[in-house]
Structure formats: structure tokens, C-alpha cells
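Multiple structures follow.
Here chain A shows up in two complexes: once beside chain B, once beside chain C.
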Partner chain A sequence: MELHFLTIGELREKIATREIAATTVVRSILKRIAEVDTQVHAYINVLSESAMAEAELIDAAIAKGIIKPLSGVPIALKDICCTKGIETTCCSRILRGFIPPYDATVVEKLREAGAIIIGKTNMDEFAMGSSTETSCFGATRNPYDLTRIPGGSSGGSAAAVAADECLAAIGSDTGGSIRQPAALCGVVGLKPTYGRVSRFGLIAFASSLDQIGPFTKTVADSALMLSVLAGYDAKDSTSVNLPVPDYSAFLGRDIRGWRIGIPREYFIGGIDTETQSALDGVMRTLQACGASCVDISLPHTEYCLAVYYIVAPAEASSNLARYDGIKYGMRVEKFSDLKDLYKKTRSQGFGSEVKRRIMLGTYVLSSGYYDAYYKKASRVRTLIKQDFADAFRVCDVILTPTTPSAAFKIGEKTNDPMQMYLSDIFTISTNLAGIPGISVPCGYTASGLPIGAQFLAGHFEEAKLLQVTAAYEQAGTFIKRRPKI
Partner chain B sequence: MKIGKAEVAHIANLSRLEFGDAEMELFTSQLNDILLYMEKLSAVDTASVMPATTQEMARHNAFREDVVAPSLSSEEALRNAPDATGDCIRVPKVVE
Partner chain C sequence: MDFTTVIGLEVHAQLLTKSKIFCSCSTTFGASPNSHTCPVCLGMPGVLPVLNKTVVEFAMKMALATNCNINKFSSFARKNYFYPDLPKAYQISQYSEPLAEHGYMDIELDGKMKRIGITRIHIEEDAGKLLHDDHNPFSYVDLNRTGVPLIEIVSEPDMHSAEEAAAYLRALHEILVYLEICDGTMEEGSFRCDANVSIMPVGSQEFGTRAELKNMNSFRNVQRAIEYEVKRQSYLIENGGRVIQETRLWDANAGVSNSMRGKEEAHDYRYFPDPDLLPVIVNDDWIARMRESLPELPAAKRARFIADYEIPAYDAGVLTADKRLSFYYEEVVRLSGKPKQASNWVMGEVLRLLNEDKKDISACAVSPAGLAMLLELIEKGTISGKMAKDVIVEMYVAGAMPDEIIATKGLSQISDESAIIATITDIIAKNPEQLEQFRAGKDKLFGFFVGQAMKATGGKANPALLNDLLKKMLAAN
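== the complex of A and B ==
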């Protein structure tokens, strides 16, 4: 078996028994990247040298008997995570050349756990997008069909895992940016509860919605990754000081008697028939595992997209004010005065989608419109949050499609922002409510494109998500196909 | 029309962005589409909804002891500045 096909769970065993050295794994992954990434373009920066150097250190530690949870596991990072001494750009021209003087907390945690950082992955500029087409480095392609998008904004991370160019990857999810690409690339993507994972060193998009999470090949690997990533961090005052459970302990437990909430608002109209029948299959499998499906309602679902596209751009317009050509990143050479320097730098540094959202955010926060837009949206957000609280009184987890349909063609939605926004329609509510969500592969379309099922749970109930998806995965009704690449 | 070209120009100035004519035209039309979509929120009665949610997890202020801890040196902090000199960042003249 080729080493790049391994899961983290499989590799851990081979590392522990010294059957494989970390350097051998890294070499195999680098070879795989060299073979396929010219087609997929998942990476914008492959860290060949430092990854080999890290692997040598890990091998030396293993020789001394020091084995950590992720010893020798090659992991890719979305280019939104700050990496000390390594250029971090958010795939924006305005941050070209930015070399962070510190590591994000998740990067520190991964290194402490023995993981090897293999490279930085492509993304929509500043994580604003659903297709990884707005990157200043060009688009990433879906490994299952190179003419289609991988989803976004963490499309590079999802594609890298799907194409076996790493064993796991880190993404960030503000409105579905982990779960939507995971679904479209046929991998597992987990968005933890807001506050579960430190955001320190994550370049901010919408601070009340952003959350970091893992892309993996299996649910068991997702549990391993979350156990490493989760936890309180004094450097992020919104991280929550709750004990981190041993998530792997929940795998293999049965779900007999569980109530799976099926929100009727997510199953009416607009869903592709192949997606619908894949979801029907998931329900049958869960019922065969002893769970029951119950009809529930999330009455404010139809307002989620409107709330999101007020709240997220509002926060983004404030967060992105820091890119002014003064402290870091690019600065134009010709300008007349300070204000002109700001305007010219920002106008040349940001792409169209980022500008559109800064404009929208500035508008909804501006004098005379604040009450009608931002304040109104924040109140509707309370109702959306309340919908979920009510639902979790009658069910253990909620099941929905992750996306209305499978991956669309590159270029198909780039000229119509509203159509692009609608591709996140099933994932946005999770972030507004701050709850955790996971997307797992559950089928393929007739043309071979992956379909994802999304499970949602109450705050800090990631263990439930991992338990139910592991039960689904182990039932064996879904047979994973590798992309032909 | 929810928003006209003059207002888009005003928002662009507040955003410290500038656009050419064609781009301005396109942005005005796209922002109108998006703002029209937002109108559906007016159907929701929020008069009695308290509080507004600006962050999902109800949380108190995160206080800590005021203890000095290591931080970046000014050299490290200034390394990414496009125009730094000594311990400062140089900017165009602001006061005449």
C-alpha cells in the first residue's frame, strides 16, 4: 500500500511499532504532491525542506521512545493560520510577503503533538468565498473532477486530503468553509463549537463566527485531531475553559435510542434529487443502527443567509481596516498623501469579493442604516439560536444535507455573488448559533461527484457528532471511492 | 433601488477604497441585489427580541492578572512594515 493513502489511525500504529519512519512518510507525501498538485493546485507553498528536517527530529525522538499523538503525521495548513517565519497571505495580494513573527496556537499544538507541517493550502481570499476561486494564486480544482470547484473557502485543505496529498489538514469555518468543501471533496470536515478551539493566530474574517477545525479521511481521525486542537488558550479571550474530552473514546459506542432531528425547512425544494436520495440512505442506516428520525422545525431558517450576509461583512469591514499599507503587507509606490496611500493600497491589494464585502459591511454599519440592518440581523440571530435550543430539547443531533447539490463548474457562479452565497445555505446557521457541525461523505452522484451529510449538535457536544458519524461510517453502507488522480 | 451611485461612492470613501466607472456601475448593481435580498428580514417581528446576539456564547469579561509576560521585540514587530526606521514606522506627512 502506498503510504499517502494511510489514515492517521493506520499511520500511528506503524509509527509506534517502528514499521515506518516519519522521514519515509514525508518523502512519500512530497512525492505524491509532486505527482498530482500541478493538476489539483491544493498547495500554494510546499515546505519540503522544513518538513524533512521536522521528520528527522521526530524519528530521533521516536528512537528514544518518545511517541506523541500525531508523531510523524504530515498535516497541511490553510494559509489563514499564522506560521512563524513562513509567509502567510490569506491568499490576498495585500498580505504578500507577510512573515508572521509567531505561530497560531493550533500550529503550536500540532507541533507539540508531533505533527509535521507539510505546506500551506489555497483558499478564497480572506476566506470569503465558496469555491476557492478568489485566491490571488488562482483556483484549486476538485480531485474528483478537475473542471469543478473543490468548494471553499478552505478548498485547498479539502482537496489536499481528498487527493492524499497529506493525512489531514486544518481549515477555518465562518459560514461553512470547512463543511462545504469537505462535502464537495468527499472527506470529513468538522467545525467545532465557537470557543472550543483557540483562534489566536487565525487571521480574522468575522470574529464572532470564525472557528478552526480539521479535515480528515475518517471520523476516527477527526476525533484524534480535535483532541489535539481543542482547549482553552489565554491568548484568545473567547476560548472557553472547559475540560477537553477524550473524543476517541466515543467511537464505537452505539446510538440505540438516539433521536435524529430532521429539520423540514432543510428538505424542501432546491435540493438535488441525488443529494436527497443519499440523505435518505443515511437515515435508513441510522435507523438500522437503532436510532429514530424525528421531524423537527427550525422556523427561522429562511432568514439565516440574510442575517449572515449582514453580520459577517460588518465584522469583516472592521477586521480588514487593519490592511492599510502601514504596518505590514504591500504598499503602493505612488500616492499623494496618507489617505491616498490607504485607498490605493487597499484598492490594488484586495480582490473584488473582499471589496464587495467591505463595502456591504461598511454600509450596514453606517449612520442611518445600523438599526435597519446590523441591529435587526443581530436580533434575528437570537431567534435562530433559540430555534436550535428548542430543537435539541427533542433530538440528540440534527441531520441535513451539507450542500444543496454537488460541486459546480469552475467559473459557473463567479459573476453572480448572490448565487455563490446561496451555496452555503445549509451551513450558515451553525455559525450564527455557535454550535458544532460535521460533514461526512455519504454518497456519489451518477457522474461520480461526492455528496456530504451534515450533523449538528448542541454547544460543546462534538462527542455526539463523532459518535453518530462513527456509527454511520462503521455501518459500512457508504463505500468510499478514491478520486482517479 | 436601495442604493445609488452617489451613496456607493460615499461608502467607498468610508471604506478607503476607490473604483473606476465600470467597477462602480457593477458594484452598485450587485449591492442592490444583495440589499434587496436582505429585505426579507423585515418580515420578522423582533420588537420583543432581547438581547441581540453579537456573539453566541454568553460570557463575562475575560479578566486576568496584570502580569508582565514576554512579548515581541520592536525589531520583530517592525520587520513586516513596508517603511520602518529605527523603532518607528514612517508614514506620509499628516500635519501641514
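== the complex of A and C ==
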């Protein structure tokens, strides 16, 4: 049996019945990685030894009857999550050699739940990008077409799940960095409500937008993962102290009578015809499940991209200032004085996209420009939030395409930042509003590239997202294909 | 030309919380470099600040003690700049929404009261320290101080002389120490002051260009630096020059300040709200609890001492300058019932002994009970005031009670009339010439007989009794 094809749900049963040992699963996953990752390049660091050691401990625990929610489940971590004793780089030259003395809270939670950390995955440098091409380790390729990008910034995690190089993976989403690669790689990607999952140990890109979430093969697995990841953390002042529901309990409940909001601003041109027809298919399926589609308006949609590219770089310019060559990571060998040390280290340590955003952010926060840019953007952000609050008064969830089109070619947009930024057009409003969003596979292009549908819900209504996407998934109106690798 | 001086002060006070403002590291001063650090205060990737609630409470106490309005909603911002003592490359501070505003303090100068406005009090974190070594081409970074909580107290430009500034600063310092929220040690940097100084022609409504003075690490240096700055600016203007907006560093050894940076080189700190921290929300209940927790403040205590103990304003000022000294004094008063004498002895002998040893009242071996007993013994005539001065020295050195010292040293005063009469009789007999001269009108010789009698009794004769008896016996014969 090909163990790496299993979902978490399937594996859990086999672990619980002692049919499979954790060590066997890990060996199988390591073998799969060895076979396919030279092509995909989802991983930048495979933790073969420690994963095997962890698996042995899990097996010993299972032998004593200790079975936890994720016992023996091999999980990959985006290299933005700090791992104690394991190099964590955000795929930037400037953090090469940085070994955190602490685990991110999500890593602690995963370990506590019995998961096995199988490796660190590739990403756009400091999560700035939509294609995983800005990584200092080189690009990750889309398992469905190795000449194409997997999306980004959590492209490594998405590709690892799509190529069955792990059972689930952790990503982070600041403007779509979980949902967009999930769509382009044909997997389920969930961005929880801001404050639902602790950000402690997540290397900050834009602190008011960043949120950690899971990549999984199924909606059911996503619910399982969220149950483990979610919860208040005293180490993160922005995490919210609300009880964590049993998300799996919402799977299988029907969505009869649900109103699915279709925002008219998201369906006006720019969407690829194959994506459009896949979305039409989703609407028909949901209607067949007893839901109805309602026309809604999110009037400030056109400002989302502008607001995002003020707020996110502003926060990033401050968050990334600590990488100065003084305390950890990279430092140039030759410099004349302190200022020169800063200049040279940062010039050589950061890639061009990161520099572009640091400059943008520095500019919008500068004295004399702050009011016109940052302050104004913050006000518009409030309006965007209000748009969603108004919308959720007339619908249960919102449906949009996750991306305007399927995966593009590697190198296709690297010289055109605006084109690259536009690939996140449907996902960034979610982060600005702080609401949860999920992308689920909903079809393929004629050339076999995955297409994703995005669902959005109100704050802390992840259960609704899981319920509606599980219903959609179970309707089984399209056949999921595996990548041919 | 005559000028009016305009001074505003920015005071940074380190708060005496056990742990740092955003992590649980210790705030203790003087530990080995970088031993009081953790990933949070080291600004490592991915870590997050969590606000120490005690910091807010301490700041609220200071705000209430200086008559400020506490804002129900305040927030943190990031002040961005690069320096190796600032590991995150931004300082978390309060900017557009401070914890407290619109307060004031009444200060007394040359017997006159003056009100100094307080613009705002806000919370922020301290930076680390760079240690420079002249023998090495590099510097060391000590981040123990990084994240130690500070409050910044910004005054209105209400002071018009260096003396006023110093008086305000002392009053502020006194309150911080009274509240036990800051140890107030200027040399260790737990109480720091920057001064904004400008001058304008007398009668003018428009402030002159100001210079910001830094690096003044004592009250005296604050005063000296301001005096120097006023002279410097007056000289400039009177000689056709103009004052430029700049930051100047005080050089205490040279007695001058030097330009550190001009307006053009000023940082653009790119303040923006810190997304990692929630706003500080304060309700009436919390404010009321803090208000109730305030101790009696120095000004109120001074007024009470003057009224209740009928001691001079000066004495009340000395006795309340240190809260522990005021407690000490009040304890002596409670035990002895002699406020005036207690004041004299505390201000006189007790403080003299402590000053000689460069110690403060907490290190005083003379207990309030001991001093109270000493006052009692003087009143009863067991010992003379003069002898008591020797006894208190013994008490200070040995930490013993006065009766023990008097017993062991045989210091008890001779108040036995017959014993003194015998002594006087003996002296008169031995000094017939002096007696004759005295009786002939040379009154000054009275002192001679006192001296002889004291010498004969080893200083133990009760002076009042001796005086009386001498007068009688010298006249009678």
C-alpha cells in the first residue's frame, strides 16, 4: 500500500488499530520525498533523523495505549515557523544559520498532539511573493506541471501536500499565502480568523495580517488540524481567548437553506474562463445541496490591493529592521563602520522583492507621508471590514474564486511585480478584515491545472467554512486527480 | 537685552517592577552582561511582547500623584531606528495615545509656590547599553537593560530658571521614590532628565528656538547645564548670532555642552501603532483602586508635620524629603510624645552621623525606640543633653539602647545635691583667689567654677543643678 497517499483521517484509524506503525509511515514519507522532491523542491530541509526518532517515541507511546489526535502524522512546516534547535531562515540569506532556541506555539501544539515534524518547506523570502520564486533556496515547482509555480508564499507546503510528501503542512497567510498556493496545487488551505491561532514563533511579515493555518488533502483533515492549532496563547497578546469548537463535529451537517454570498465585485472580468466555469459548477453543486446563491456587494473591494500594499510593507519595514547583522544570521565580513555594516549586510542579505517592500513601507511611514498613506489606509481598512460585516448579515458564507487563473509559468511574472500582486486580488481582503477563509479544489483546467474555490465567513466562524466545504467535497461532483509524479 | 528663559523637562524614570515590561526577565541592576535576557527582549525572530500589568499600575500611580487625567484608552507605537543597543530596531513606546495627560505639580521655591504643568506621562521600554573599550576597535553590547520599563514624564515649558527646573526635578524625584515605583538613582540611570531650553526677549509671546540638553546625571548638573545653555544662547543673540535647533550633550568635567546633532540629522522615527499589542483599556474601578493605594505624598505630609507637630517648615521639609526618614521621625514622636525634641535630634545628631557614613536612614542603628528613650532620659535629668550626644554616638556604633550604655559606661548624671555641694565646697576651698575676684564683681569667673566642677565630676554633674548650687554657694560665703 502507498502510505503517503493516505489522508490524516485514514492514517489515524490505522494507527489506532495498530495496523501501521508511525515509523513505517515516516519511512514511507521519507522515501516519497527522496523520489519526488528533486523535481518538486518543496523542502529546504528534510529532518529524516529527528523524524524517525520522534516516530519511535510515538510508537512506544502507542504501545502503551497513548494515542493523540495526530499520533504519527508526518507534517511539514513552512520555514517561517521557528523550530527549536533547527535552522529557521524564512528562505532568506540574511537568516542563514539562525537556530531558534524556542519552538513556535503551533510547533509545540503539533508535537503535543503527536505529530511528527518531517521537514521545513520552501517559501517566498519572508513570505513576500505569490510564487515561491523569491526563496534564496530557489523556486518550488508545481507538482501538476513542473514548469509552473506552486503559488506562494507557502508554495513549498502546498506542493509537499499535493505531491504526497507529507500528510499535512503548516503555512502562513498574510494576503493569501495559504489559500492561493492551495488553489494552484489542488489542496485544501485554511486561513483562520486573525487571533484564532497563536503567532508566537511565526516570523513576522505583517503582524496585523499574518495568520497560521493548515494545508491538507481533505476538508476533514483541515478540521482536525485546526482543532489542534487553534486556541488562546498567553505569549501572543493578539490571540483571542475563545473556546475552540470541535470542528470535526460540523462535517457532514447539511447546508440546506444556507445563503451563499456571491460578491459582484469579484466576478467582473479578469477571471479566466475555465476558473469562471469551475466556480459556476461549485454554485450548482451548493444549490443541489439545498443552499441558495445571493448577490452581495463588497463596495470597497477596489481599494483592497492599495490598502494592503501600504499596510503590509509598512509593518514589514519595521518587523524586518531587526535583521541588521548584529546579533544573529548573516553579517558581511568587511565594513568600515556601524552604518556601513548595516547597509552592506542588509543590501546583500535581502532579495530584491523584500527590499522593494521595505522601501515601500519606509516611505509610507515617513514623516509627512504617514497621514496620506498609512493613516488613510487604516481608515479604508475599517471600511473593508465593515463591508464584510454588512455582507454577513445577508449571507452565511461568501464564495469567490481563490485566484483569477491557474498556476502560471516559472519566471513569467518575476519582472512584473504588479502582475504578481494581482494574483492575490481575491485573497487579501480577508486578511485586511481579519476573517477566516478557505480554498478547496473545485476543478481543473483543460491542461490539468487545479482550480480553487474560496469560501469566507465571519470572525471565528471557521466551523461554517468547514461545514460548507465538507458538504461541497462530499457531493463529489468532480473527481480529484493526483499529480503525475 | 533682557531675556526670559523657557525650560521644559523630559524625565525618564525606570520602574521598580520585578520583571521587564514585555517579558519575564529580571530588571535587577548590575547583573553580568546579557544574563537577564530572553528571546523576547533580545528581539529574536517571531517572538511577541506581552505587557506587564504592574507597569501600567505604577504609571497610573505617578499619573494620579501628579494630577493627570488617565486616558481610558491608550496604545503602543513603534519608534523605529537602528542602533546595536536596540535589538528589534524599534522601541515600543506610547506616542499619539499616552496613558495620562494634563497634570501639574506645585513646587516651592524661595517660599513661593509655583505650578508646573505636566503635558503627559507615557509608558515605554528602555534600550540596552553599549560598552566601549578604548583598546579594542569594537564595542560590547549588554542587553540586560533592554525592556526595563520606563515612564516618560513630559512637562510644559513652564520653568523660567535653572533653579525652578531643579526644584521641579527634585519634587518629581521625591514623588517617584515616595510611590516606591522608582529607586531614583541618577548615577545608575534609573532617573534621567533631558531639558529643552530656549530664551526670548522679556515680554515676547513667541518662544525662541530651543536646544535639547542631554547627559546630565545629577540635579546639580541639570542646573549647571541649563545655566550654561542660557548664557550660551544669550551670548549668541546679543552678538548677532542665532540659536539653532539641535541636541547638545553636557560635559560635566569641562562644564560645557557640545552639539550632538542638528535638526537635519534628527531621526525620522516612523512611528506607527504596534500591531503586536492591544490597547491599554483602563476603567474607573481600576483608577479608583490605584488612587486608594497611593501613600501620603510629600507635600501633604509636610503640611501635616507643620500643623500637627508644630515644627518649622524647614524641619518638616528635611524630615519628609525621604519617606523612610519621615516614618522614622513619626515613630520617635509616637513613642516619646516629643515632636520638637525628636525633630531636633533626628535632624541634628541622627542625620549628622548618617551623613558622615554616607548612609541613609534604613541603615541607622539608632532605633526609634532608642531615640525616644534617650529623649525621656534627658527630660528626667538622668543624663544631660551634652552627655546624650555621646550616648547617641555609642548607640549608633553599637546598636544598643541608651540605658544599657549609660549603665555600662557609668555615664549617669550626678543629680545628688549633697555630692555636688561637696564638690563645690572642695573647689572653693582650693581656689580662694578666684573666689575673691568673683565676689569683687568679676562675673566671668562663674564659668571657671562650672568648668572646675565639671572636671571634678567627669562631666557628669547635672548642669542645671550645678548652676543653681554654684550661684548660691559662691554668693553665700
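Of note:
Assume the second predicted complex is superposed on the first by the 485 of 485 C-alpha atoms of A that agree within 3 Å, B and C clash if a C-alpha of one lies under 4 Å from a C-alpha of the other, contacts with A are read in each partner's own complex, and residues count from 1 in each chain.
Basically, contacts are C-beta pairs under 8 Å (C-beta built on N, C-alpha and C of every residue); 3 or more make two chains touch, one makes a residue touch a chain.
All figures in this text were calculated on a predicted structure; none of them were measured in a lab.
When the two complexes are overlaid, the chain among chain B and chain C that reaches more residues of chain A is B.
Looking at the shared chain after the overlay, A:T382 reaches chain B, while chain C stays out of its contact range. Once the two complexes are laid over each other on the shared chain, residue contacts for A:K217 go to neither chain B nor chain C. In the superposition on chain A, A:S237 makes contact with both chain B and chain C.
Contacts of A:R322 after superposition on the shared chain: chain C is touched, whereas chain B is not. Using the contact criterion defined above for the overlaid structures, shared-chain residue A:K413 touches neither chain B nor chain C, since it reaches no partner.
Using the contact criterion defined above for the overlaid structures, shared-chain residue A:R148 touches neither chain B nor chain C, since it reaches no partner. Contacts of A:C82 after superposition: chain C is touched, whereas chain B is not reached.
When the two complexes are superposed on chain A, the residues of chain A that touch both chain B and chain C are 98, 101-102, 208, 234, 237-238, 317, 321, 324, 326-328, 338, 342, 362, 366. Chain contact summary for the complex, chain A toward chain C: residues 80-82, 88, 90, 95, 98, 100-102, 104, 199-204, 206-208, 234-238, 314-315, 317-318, 321-324, 326-328, 338, 342, 362, 365-367, 370, 374. Those residues of chain A lying in contact with chain B across their complex are 97-99, 101-102, 194-195, 208, 234, 237-238, 240, 300, 302-303, 305-307, 309-310, 317, 321, 324-331, 335, 337-339, 341-344, 346-347, 350, 355-356, 358-360, 362-363, 366, 373, 375-383, 385, 417-418, 421, 432-434, 459. Remark: chain B residues 3, 8, 11-12, 14-19, 27, 30-31, 33-35, 37-38, 40-42, 44, 46, 49-57, 59, 62, 64, 72, 76-77, 79-83, 89, 91-94 touch chain A in the complex. Of all residues in chain C, those touching chain A in their complex are 39, 42-51, 78, 80, 82, 84, 87-90, 141, 268, 270-272, 275-278.
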